[in-house]
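All chains are identified by letter, namely A, B, C and D, in their written order; residue positions are counted from 1 within each chain.
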């Protein structure tokens, strides 16, 4: 166990970023999002949840995959180079780390997405325990431990200090790099902090959220429910929930004609958009009810069916905070358990 | 509030309206959602307080296709949007029974959090019957008190007034919230150098995640198919690799609603990244007011919109300020 | 989740295409052309199994999934039969021999030609351009004739001019051992002395024995009625296979579009046994 | 390598209405009046055909300045098109000023079919203004700029 004084953090960030890219929550124009650290960045580790999750470090909102140039009738394809350098992702909360594990199931399952894989292999995650969980948090429901998030390095804020524990070989390397700024510490303070976090967790408004009736075999029972017809009504069909979500992985592939070649890029897409499933031969899901249902069925039923019961929700609560119509996954889960209880 | 609920019950029970479009209690006191109520019993979940910011005019586009009459609750500023939608033939007047409800300013959870409040579990003082001076906020980390005024949405500080432009009946008291000029921020930006203007908007727009919430919530964005949804037009609906496309989206969107935007402020309210989108709309409104005479969309159904109108001696583009 | 093997012969990232050269274009019907695609240096771009599909992309125009209509036993090239019906296919129809396009794939699963179908009597039912994926199987089966029982092919189209691969049907399939080919067109036409009528009703008229495994492909409405007819004739759902390859985007089961229930059509499909289709939520 | 303003040749897109300004450009050409070759003319049926997206698209694809030319107010072939265009372009260009696009990069000018001289003068002036502003680096897609 190591520690560093809060006031020395800037030196730490400068040191880390001198040899590699450092992604860290940065406050810009009033909002905190992950960004690449520069000496004048306003690092903000106090905001619990960045607006966008840390998934963009591995799966950016948009990225070029390859460029095609055409000469007469000949086509030349140049694939975008894969990530080749290590980078550090600092201050990741337990929910976002779990989110990355969910995305791993998607992108690292065969056929492997090499763009994602390269970033994942080169990323060093410095996790940060959640000293002050908020009202919209329900990560414990999905088995996340915010008191000790699993990263290459795990860190805790306690009093004046940031405590630092390396968990993996990558983490040890980073610790060695920063050794001049880190001093030895004992575990007592961290244990105390963990206890204090646990005490708050038990008081969270969503602490007793139950996923009892949600599992991989629930397709038939849930799909035909009348509840969807009511639940979807406030939905504006925007993509806010999907874009702030750490586990939403749907993407679109599009061409951009630069005038000197066509670039194919991949960008986040949202299953809530009206033309999401509009393909060459028509549309699978033509009503907003179907699209709304798809999002939650996918997260709570279809995904666990394919991934040994792992849900594609991590309880970060971003959608609870951000939905413009105040509808969200918690309301969906609660509506269904209410129905079960009233029967 | 009780009188409003009794009145809604009466309307539903008498069969003069088939449903009520209002707000339903959320799982917290601060996240009510727009909802339909089809029977008097369902009204037990009805709520109307300082957190009911959504402009229900937009939902009336869909409700106009439903069977029968929908009683819709509209705040003063929402009625401008409703008028504008009537003018554009997007809602059917006869299908709506408009209950103009009072407003004492609507609250923004972000504004409350910005005052250093974390882990909010309950908020008291937002009730429409109260005096709306102070909010008692219960949090996981103790109780706090914040002023109502400091917790309001930006749009309420520049309120257009508490008068309803269209209604069938009026209910509940309003309170004035206007305490700023809506063009102040626009003027501040206008007086910057080009470079500073550009830097300012780049910082703001670089946050945009192209969730399209601003478009989908906007009562003026009621096109069946948006130009940004077209696959044939090479206009990007989703985030592109280059940030140009976000700027283009917001400029074009503001242009498309210019002369029709009532400045209801929904775009800024819903933006998950807190981009002050109203600054685009207000720039157009300010220019229209200065160049072609003061105009407020949605005030009067009979007015011609400034962009579908002209005079022989309009100013030239080069004479712009 | 079952291990996906669909891309195992693929060298690049599964989303990055390869360049293919069009080496032959055959006009089948007024709106269907069959394109022969080879690698620029000659030979096949990749190996595939019958029923798999590939994404054809034209930079700046678009991309779409097409079934590979040539048999894997063909060692020289791959073929795609493409009906002109949209922006991309219009473009493809204007291409000339020697033009280059981009191909990525193969994607999806395949008809179980080496497992469940082995030794079985097979009945192929195809309508219109729906012959494309089945042709791959038919030729595969004919090239490995000893591994399978009897073969019946029922193929229907709007008119005699719309029958694709007619030459091959007449010259190869009709002459193959233990193989019966039944052709039908929707409406009577001068110069046509074969059967007239829709595929499902012809199927009932033929009144085949239920000792066959059925492979169906065609317009959705035809599939629906063919399955109805099969049930009437006493076939069970487990005896029929169909392919749903129309609505896909990424091809690798990640982009989320073709997700129906817990299945991704592009990865877990496009070939489904009909009882599996029934288990999916009703969204397709 | 950075270009100095002398070497820099701006890319200009000029939307010209079919009835007046395009003919004006034609006249400029046939009268052997010179205007810079960097001006790319796009003929539109009427100045009010110009959609704000056209202008942003021009910037996106690498234009350094955009000018719109139409018939003089009152002379529109479709009687009122340019009146609408005048309002739209005033507002749009004002918005572009507002988001930080230098004012000199956009312009509206009325040029009749007889004004070949005016056309060539306007273009020369406009190119000069844009040249003095330098390359447009603010509004455009970087991928188009190589």
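Observations
Operating definition for what follows: a contact is a pair of C-beta atoms (placed from the backbone, for glycine too) under 8 Å apart; a residue touches a chain by one contact, two chains touch by 3 or more.
Given the structure is predicted, the values throughout are model-derived calculations rather than measurements.
Of all the chains, the one whose CA centre sits at the greatest distance from that of chain B is C. The chain occupying the central position, as judged from C-alpha centroids, is A.
The geometric centre of chain C is 53 Å away from that of chain D, both derived from CA atoms.
In this assembly, the C-alpha centroid of chain B lies 37 Å from the C-alpha centroid of chain D.
Averaging C-alpha coordinates per chain places the centre of chain A 30 Å away from that of chain B. Measuring from the averaged C-alpha position of chain A to that of chain C gives a distance of 39 Å.
Of all residues in chain C, none touches two or more other chains. Among all residues of chain A, those that touch two or more other chains are 252, 256-257, 263, 269.
Multi-chain contact residues of chain D (touching two or more other chains) are listed as 141, 143. Per the touch definition, chain A reaches chain B in the complex via residues 28-31, 33, 48, 51-52, 61-64, 132-135, 200, 203-205, 233-234, 236-240, 242-244, 252, 254, 256-257, 263, 265, 267-270, 273-275, 278, 320-322, 324-327, 330-331, 334. Chain A meets chain D in the complex at residues 256, 258-260, 263. Only residues 1, 3-7, 10, 12-19, 59-65, 86, 88, 98-102, 246-250, 252, 254-262, 281, 283-284 of chain C touch chain A when the two sit together in their complex. By the touch rule above, chain B contacts chain A in their complex via residues 26-28, 31-36, 54, 109, 118-121, 139-141, 203-204, 206-207, 209-213, 215-217, 229, 231, 234, 236-241, 269-270, 272-275. Considering their complex, residues 52-53, 56, 60, 73-74, 80, 83-84, 86-103, 106-108, 138-143 of chain D touch chain B.
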